[in-house]
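Okay, here's the structure, questions in a sec.
Letters A, B, C and D mark the chains in the order given here, with residues in each chain numbered from 1 onward.
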Amino acid sequence: MNNKSSRGKTGITEKIFKKTIDEYDCEIESLKKRDDYSPVFDYFLNTIKISLFPENGRKNRVNPLAGILCVQAPPEILHALGVDSIKLCSGSIYAQRLSSDMPVLMCPVLKSLAGALRFHNSAAVSPDCFIIPTSCDWVVKLPEMLNQELPEVHFLELPHIKENEKSQSRWLEEIYGLKDRLETLSGKKLNKRNLRDSIRKFSDAWAEFNMLIEYRRKGILPNIWFTVIANSFLQDDIEKWTEHIDIVLRKYKQDKNESTDSRVFLAGSPVFFPNLKIPLLIEEAGMHIIADDICTCERIFPGAVCCDDMTIHGMLKALSERYHKACICPTFTDNERRVNNILNTAGTNEIKGVIFHVLKGCHPYDIESITIEKKLKERGFKFLRIETDYTKEDSRNILTRLEAFKTTL
Amino acid sequence: MGYNAGIDLGSTAVKVVIVENKEMIWRQARPTVPGQEALAMGMLEEGLKETRKKRSEIEKIAVTGYGKNLVKEAHTVIDELSANAKGAFLLSGGKARTVINIGGQDIKVMRFSPEGKLTDFKMNDKCAAGTGRFFEMAARILDVPVQDFGSLSEEAGEPANINSTCVVFAESEIVSLMAGGAETGQIIKGLHESVARRILSLTGSTSLEDDIYLDGGPANNSGLVSAIEDELFREVFVFPYCQFTVAYGAACSVLI
Amino acid sequence: MKFLIEIKKCFLSLLSHFFLTAVFLFQSVISTAELNLPDTDIQSNSYLYFQYDAKGKEADGSAYQVLKIRTNNTAKNLSEFDSIEAYCRKSSRPGKQDYMAYRVPVEKLNNEYYVKIKSGNYSIFDVYVSGNYKNNTYVAQTVFYLFGDGLKGSTGKPGLVKLPEYLPVFELTESPQNYWPQTGNEFRFLCRVPEGSGSIKQMIVIIDNKKVSRIFTDRNGKFEYIPAHDIKLNKGGTSSYKEIILLNSINRNGKNYTAAFNLLVHRSRTAFLNVKNGAVLFTVSIIFFTAIVLIKRRTFKYK
Amino acid sequence: MIGRIRIVTQHLMFIFLIYGGRAGIKLGHSLPCFACPYVSGCSGHCYLMALQGKWGFEFAVADLFSYEGFRVLLYFAIFIFLIILLSKFWCGWICPFGTFQDWLAILRKKTGIRESEFSWKTRDGLKKVKYVLLAFLIIIPVLITYAGLHSDFSLPFCQICPAKPIMPLFTGNVDHFALDYTNVITGTFSALSIIIAAAIIVGSFFKDRFFCLFCPMLPLIQLFKKISLLRFEKEADLCSGCGNCHRMCPVDIRKVSDERSNKAVMDEDCILCMKCQESCPEDNVLSLKFLKYRIFLTSRKYFIRNNRS
């Protein structure tokens, strides 16, 4: 498997890699044992593993592969240029072992990712390019911490102010930069037709995904499967993903609304497979996650790109605005709309409580939890902040809190 | 009128109470051991014997605490925080709005509505700093029983300066303080202050509503109570049987 | 090649546009050179004519026009005339006329005689005034439009009378602009004279009390008159006008009949339009602005 | 969906207003849109002409309490009534000159040329131009009447309005493209008119609704926004700020996307084309109401249906 790094290191890497695969398989197995499991989810459970085997992502394909982190980089451009993508998030505890040389207080997502990238680095095939918007400090310093082990990182400098002309055109510049980078990577030229088609495909995917969100809102689709489907976004071909969502939708079409009580909103740091600790504990405590604003779940992609000016510039501008202006990642200076989103979603879906998930070391979310707590409590919502990481030792403690939280609803 | 039993399977102690119409007629606490559900049931049998009641007279058994799902005989399983709120509210005669529970592994700060319903709470993470465990550790190093902590700290003068609330770090700090010739009482006083600070950091002194009640095993420690009072700038009340509030609350939750 | 030359010509004339318009200001006489025809008996005669005076709108929305009655000969006072009578005919358009008319009062103020025509709706008026002086009969005539748009459409049906037969009248048979007579327009007249007076073969054009030219009838017995463009009118505003008096005279039974028709003309609206130059200017502007947009428009720079 | 209804309406109104007079339709002189009176056989006139001339301030001051004054007020009242009834619908759905500009924009899209953009500062600066024009078209007629300004300055706005040369083209009349050598004033005005027409044609080709950025009718309509039966409102709390609406807006109104608290987002430049509503992917954010009846409310469902490939 490895021809790049030295032998001794390989041994450990390989062992940890196997452990990680086991971790994924274990989680998949336990999900398959659930009562609400259905074979329609198999596709998503399988694709979710692709990030471990980037080479699987382009089996029988000649397309270049790009790893993509965070939700601000428009995958439409990748797709238009025929670049395959994998989502770089990682929820593996074992992968963190490979990054134990990094700061202790590092955000678990990035720590896990750093480990996983070391698998990639030693894998036969690794992504040709990493596309990383500078959404937080950990992300910015990641390649440095990885000691240039990454082949090629393309940063997109994310302007932290949204509603200002300078930053918008700054971000557009970054999108143009991404386009140029991907054009050299793929050897193709972005043209009107392929970009338009790509935008349409993602719009369609968003439309289907949106139905999925609706089903979850109604309590038809269990949250955990929604999370799995959302997590598998961009791991495989977008059209296939859309098709399989359609299959899921058809399965649940006949189901009637379940009037669920203890409906909660899950906000905060990313939840990524196989770290489904928080959603599973919430479920165990007898609550139902009806909505979330997590960037690996509901917010996985903004979709809904539309533009009047169908030139390349027009479409790139539309993409740049759509992925920047409405993004409610806490990295932005003014994020009032994030609170508004929670308030509105909770208000229209009979949600009384908001659980705010903070991954230890995930500073933007940590910082924002304070203001959000204040604002939500003002409006009479119950709020529970849970700060945790990928380890499972605190499960009992969290469960105690969740159970008590349920009684307060 | 029947009787109810409340069992609190805590991390350091198992507490069992028998309640007759909101009246705690029997209580007992034992350290947690493996097989705590059997221990708890044994304790209940003991209690029945002492109060000369029959098992059939117990209408309901309510269980709470970390091990709450282990007891098969349980009629009701209730979470610790709700049980605690209930218990504290009833014991304070409906006066309490805020309760600080210092347990074996965690510190919980609860606030409840005038009707005694839990509205909001804070709880520490997996770190056991400032909990019962912390005092147990200190007792072991200082070779003084935990029960004496209160009186010792009251007699002491200036508190020793202890910066760390972490069980691991505080241990080495205590050792070095002892080596430096500090009196045991001073060290204990210092420990109390550091724990009080830890509690404060969890709650934020301003967000607490009067009246503040303290419960959980360590609340028996008068030194700790006064340290907390100093830190919060407010009077803090302690329930007479502060260790049993949760078990009592669980038992009472069945009543209403 | 020819096309190119044409374009070039257009372009040059376009460039000279502002120059030319400036020159207009200083030109005093271009087209209306006075014709110094020898005086004839007609001109030496006195005549009665209308002079357009105040025009406006009443508060009720009806329009009015005041016409002063003047004589060319200042020596002859109008008060010496007997039986000054004014008639008015309303007709829908030129050429469709009957001889029924109604009397309008001749008013007198400060030794000035005038008639005031009022209309509550949109109408054409033929106004006549006749006066006798010794052996001579003088007729003044004019045609104008009133754009009344008032509450009262018309003030009932006036008692119609037949125009006195002896009146020689001008009949404007063809006028290209139906309400806005302009210089450069072609006006055709028919002169009707009282029975047995023979026919009128010529008339005289008088502008500013000076004889300008003499017009003869054509084969159909019509007079054709094209008022020349006038730089003064051009420089004036849209509503500036000039009055041209057309005069004819006949002798019948030893009596002189003199008729003066007052033709009010505005400056020409179309004579000075140049679509070709406009089109060139337009094309040049289009090219110019397109170039500006293409050069100056914000290009998104990324490099 | 709405876009299609709008295009059909625009074309019907175009035909109706340009050729309707030939079928004997007379809508009067108070239309709040660019139905140019210079088009022979048009069925109604732009109010700006009445305002500058016969039924405008010039006469209103003199004879306000007469029948003539009454007519001035009547035409003004009809104008207000039409605005109250349809507000900016006149601009986005009826105005034939607007439709003409939309054709140019369609032409641009067909040729694949990108739309021009203004910087925010420039765009905000342009807003003032229409007030300057409005001031001129009110002041000059008054100056003619009371200060002896040359009467060739009459109808100053019509004389430079790009609709005057362009709209009569649809009835085969090219006269207004002529240079008028009558005198310096007419010459200058006619040259200006041709140059402005060219500028607006080029402008509207490269930028949606370019003339609407300067149109003095807009502030007049805006005056009656408060009493108009049509309401365009934004529920700012529900807005995700995605910017679709701003991008789709032909007149680049930023407020509709960036407004965070105020309900009233119908900017003076708004032409009620409803493109922002069509492009809004969030539920219930932008609503258009007639009295209390809702004409259109944004919804995600509509957005998805409208954008399905």
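Convention: a contact is a pair of C-beta atoms (placed from the backbone, for glycine too) under 8 Å apart; a residue touches a chain by one contact, two chains touch by 3 or more.
Note that the coordinates shown come from a computational prediction; the quantities given were computed from them, not determined experimentally.
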Chain located farthest away, centre of chain A as origin (C-alpha): C
Selected interface, C-D versus A-B, where C-beta contact pairs are more numerous: C-D
Chain nearest the overall C-alpha centroid of the shown protein atoms: D
Whole-Å gap separating chain B and chain C, where each centre is the average of the chain's CA atoms: 113
Distance from the mean Cα position of chain D to that of chain C, given in whole angstrom: 40
Length of the line joining the C-alpha centres of chain A and chain D, rounded to whole Å: 46
Per-residue overlap in chain C, given as positions that touch at least 2 other chains: none
Per-residue multi-chain contacts in chain B, two or more chains: none
Of all residues in chain D, the ones touching two or more other chains: 119
Arrangement of touching chains [line / ring / star / complete / other]: other
Chains touching one another, given as label pairs in label order: A-B, A-C, A-D, C-D
Contact footprint of chain A on chain B as seen in their complex: 66, 79-82, 105-106, 117-121, 123, 125-126
Complex contacts: residues of chain A adjacent to chain B: 382, 387-388, 393-394, 396-397, 400-401, 403-408
Residues on chain D engaged by chain C in the complex (per definition of touch): 63, 66-69, 71, 116-119, 150-152, 154, 165, 174-175, 177-184, 186-188, 190-191, 194-195, 197-199, 201-203, 206
In the complex with chain A, residue positions of chain C that touch it: 300, 302
Chain D-facing residues of chain C, complex: 14, 17-18, 20-22, 24-25, 57, 59-61, 149-151, 234-240, 267-268, 270, 272-275, 277-279, 281-282, 285-286, 288-290, 293, 297-298
